[in-house]
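Next come two complexes built around chain A: one with chain B, the other with chain C.
Now for the complex of A and B:
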């Protein structure tokens, strides 16, 4: 097991009177895929948004590469090398793949963009991820299929020498073959040494790519286990009831919800 | 790179019969099925590095883009050709040298306004006030000339104070929104207004553009910072500016600028014959150098390129249009034996320079990229760290400043500025020109070139029907229907693109 690259300890977050995250500990390791699972409303998205700097944390500490850091805005997260691929992908349909991948971080001077450098870098990134589904890097995003869009969004996130990539439901809208391609891509990200967080409702996806599974239940981190140590049924129990045998919340009568 | 190219050309014939939407009725409504097939079925066969296309592939690609609803300026170009032929046949006077040169000068003002409006339309916004705002600029410019640089005397103390206050507010707001060019231009307008400098045509044109930029800052601030819909803001300002023009000029008044040689020549003067040929050479050779230079450099670096024959065809096409047009415009076109009128009208280089500048900004600069991104997906742009509200405000500055240039051209054409300047249907013609040319009202798609083609279409309609002695009623009805047709094409092509996805 490698050293944690991103470690959250004792994270609390409330929206007004609603306490969304209770003392959450969450660890991401380089070279591993960590699945973040939980039922709707368990706090997955809030956790991701805290990491991405979109929401501020009420309390808790973050360490990155062993050093304590503060994340007070999206800029901080981006500087640390934390990238989030949101469910809606955030691609501009009217721009091509290269333009989307470099959006907001174009190369060249403001008065003359370096298209050649961007195109080459985009192609190298796609090639390094063994993406072979796109015919030309100058294809408009509007002409891409759902899986191809997801691929572009993920490739965009790794273009920036990022260390941690958080993927929010990357396979939710995809067909079987495209899901396979995206999961392969997720695996390759980890092989390249990135810490990958995969948020998913799909247990088949989670079990096929994740090294570890972290389960949120009503805002609490109830389990952080290696995938090989648990069964499908146990994870479903953790998600729905917060405990499964020895795992999860200690005993129902002691748990305060 | 090389090893990743899996004989794209060789793969295609086997792949395409099934993929070609035209061959497969089920796919007809979903041209992007093209991509799906490839993604699911032929993963191993395709590297991502298909950088070169054969000419045939490129032509077929264009065909599939057209079917997918990405029509660009094609309908406008075809429509323009059809209109020219119709009027050529119907009216003896239409295809004369005299009339064509006149037509260019007539249409140029609105065409220039449309070029600026493309920026606003790219964001899916609208600027209804660009017409009357341009009228304000024209009025200030003309007042500076007529009142010998004394704007205070021309406006009266109270109005002048309000005018200055507006300009100062524009500087402040531009600084607040970090639109530096807008702040500088608004400050220039203050300086010219306060200095009471002697009339100078170049200074007056600069004043008009500066006032335009200041107006754009106000519009941009109201839209992007206050968050009102641009339709409402600019509708209100449309009426406001109309009142301001009336205040500046006075009821029934008129500022004559035809006596100022430079201001009069902008739309009525012609370049010397030599100047015309130099312009032609610069335009054709410049275009060839830029296009071919980029093509060769991309080929050498193994980047995505269009096929060489198509690039060559474009360059030759520009030359084939430019050289005979220049020749025709350098022939004496006077209908009177005692006068000689020859040479390329100044409006041609004005429009060309704006076209090149606008195209460069939109395609080659970071700002242009961000304009397209905000128009395509504002949320994506925001997450990419683009200052969306700044981009949104800045397009109004571009549009209003360009509209001021348009005002200089149309005021020069008639030789005076009256309270109706920029009013009536000026704005609607300008928006119409951009839309007819192929710029989408829904944002994200458009080019400055579209404004030029669309402007030509409207100028031909207006001029041709006028020559046929049609009453204004018919001209307006036909123009409206042309615009309606263009908007229909836009909406249908957009729906088609959405279905395809």
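Now for the complex of A and C:
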């Protein structure tokens, strides 16, 4: 068994006087979907932004593939192969699918872009994910449905051979059928061997795709459990109260002061 | 084809037959010019014109002037199958997950869904309910109405009515899956063994295309196989065939749930691979794929040596028994390092007497990925549909 693809230990982050993340440990394994759940303000998005290099960490260490690394900016994260798909979809409406997938990393030499090669690569990537719902890769992103946009955003991470993909509420703005299609894609991403982190508020979504569930409660990582070992009710308890039976925070009477 | 060989065919039957053949050609091999259709089907151009006109009128195909012209003269019109003219439901029930897709004429997947089976979610009632609900949601979203369904099940299935006798890895026994889904959907539902379905997919759209004698072997939790013999699927009495994973291969091996000991699947199935890679059992598919990819060339013989040995041993027996020109490895086997596949191929061609006799059975990994069973299930559903569209 090899090392986890991404491992954070003892991560702390404060915004001024507000201590957002307390000694958070977080592990992502290649080929697994890890759901990151927690109430509003529990620190999920902050954690993701720390991993993505958008926020600096106050303390804590990061290992990638078993090696100690430092992430001090989005460039570092991208070089390691960490890709984030945000809730609000960082896609450009006025560009087509190919242009979006290659945005900022266009192929070609000098003044000339190699449109044919880019189109080919985009098409192959979508095919490798069995995405056949998009008619043409030259469709403008503004003409796509919410689900298709998410698909393009996710496919982008595959095209760039990312090792870890973090998805921040990818289905928050989608209808039932589109949500399911995106979750199906998330699952196939993991089956290709990528480490996938899914932030979601929807327990049904979490249970239908996640292999592991990591729960944040008021900035602390209270549980990291295999989905098969827990029930819906237990996870909801962990999210709202920080503990459920033997899982999560120690009971106050047992806690050492 | 309904006509029996002893009865003469009336002109309308001939027409119907030609129409189905033409549609099948377009469905499996994609858009094609009228001229090419005439050559391939061996029909004259006016017959093709009449058939295509009829299909175009009912909206099953569309005709377009081809973009790239070849040769002189008026270009022959390109005939394109219209995906929405006939939509079928494909369902792939696996041990750990269920995937469904709505597939249009020509094989395009219009929409899809999948979910994990954990605990109660794997019980037949739960699976059936979720398949029905999920299909409804997907069909509404896409604004299509499926006309038939094909279901892939990892178990022993009666072809006639889709009765699942035993699907041990799912812990199902005696489930009238076909009847229950037919009653719920109101359209024909065909159920078949997953390996047989995958073999069908490989034969029509994958690596075994155009190959008359091929064997498809795949590993999930269980190991199964499908055999294409002389161009058609080999089926046993009532369709119970394909349990290649239960060839006893290592009499001193582990006990198998089927009551036997040392079945092939206990040596080359997903659990065996987890053991070799030192992963917890069961592990998610992606974990196994990632571990296999992380292996360095020097490490492969150490970690997978025994696995490679058993894989080759089983394949030698299969090649000797069925004499295929081609063996396609599917599902989890596609994640094996190329080095392992090469070694297995070499061992098989050296040690199998049939392989030596036919000049070397080829061994390929499937290029259809995890969708092979969905594709095959769609083809199973399309079989009767093409006749009636």
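Throughout what follows, the second predicted complex is superposed on the first by the 248 of 257 C-alpha atoms of A that agree within 3 Å, B and C clash if a C-alpha of one lies under 4 Å from a C-alpha of the other, contacts with A are read in each partner's own complex, and residues count from 1 in each chain.
As a working rule, a contact is a pair of C-beta atoms (placed from the backbone, for glycine too) under 8 Å apart; a residue touches a chain by one contact, two chains touch by 3 or more.
Values in this document were obtained by computation on a predicted structure and should not be read as measured data.
In the superposition on chain A, contact of A:66 is made with neither chain B nor chain C.
Applying the stated contact rule after C-alpha superposition, one finds that A:177 touches each of chain B and chain C. Of the two partner chains placed by the overlay, neither chain B nor chain C lies in contact with A:245.
Within the superposed three-chain arrangement, the count of touched residues of chain A is higher for B, of the candidates chain B and chain C. Residue contacts after overlaying the shared chain place A:17 against neither chain B nor chain C. Look at A:138: by the touch rule set out above, it reaches chain B but stays clear of chain C. Contacts of A:148 after superposition: chain B is touched, whereas chain C is not reached.
Once the two complexes are overlaid on chain A, the chain A residues touched by chain B in the first and by chain C in the second are 132-133, 175, 177-178, 181. Against chain A, the residues of chain C that register as touching in their complex are 97, 99, 108-116, 118-119, 134, 137-138, 140-142, 277-279, 284-291, 293-294, 369-371.
Contacts from chain A toward chain B in the complex involve residues 74-75, 78, 86, 88-95, 99-100, 103-106, 108, 110-113, 115-116, 119-120, 123, 126-127, 131-139, 142-145, 147-148, 175, 177-178, 181. Only residues 1-2, 5, 29-33, 128, 130, 132-133, 175-178, 180-181, 183-184, 187-188, 190-195, 207-209, 211, 227-228 of chain A touch chain C when the two sit together in their complex.
Chain B makes touch with chain A in their complex at residues 1, 4, 8, 32, 34-36, 38-40, 43-44, 46-51, 68, 297-298, 301, 303-304, 364-367, 369-370, 372-373, 375-377, 379-381, 383-386, 444-445, 497, 501.
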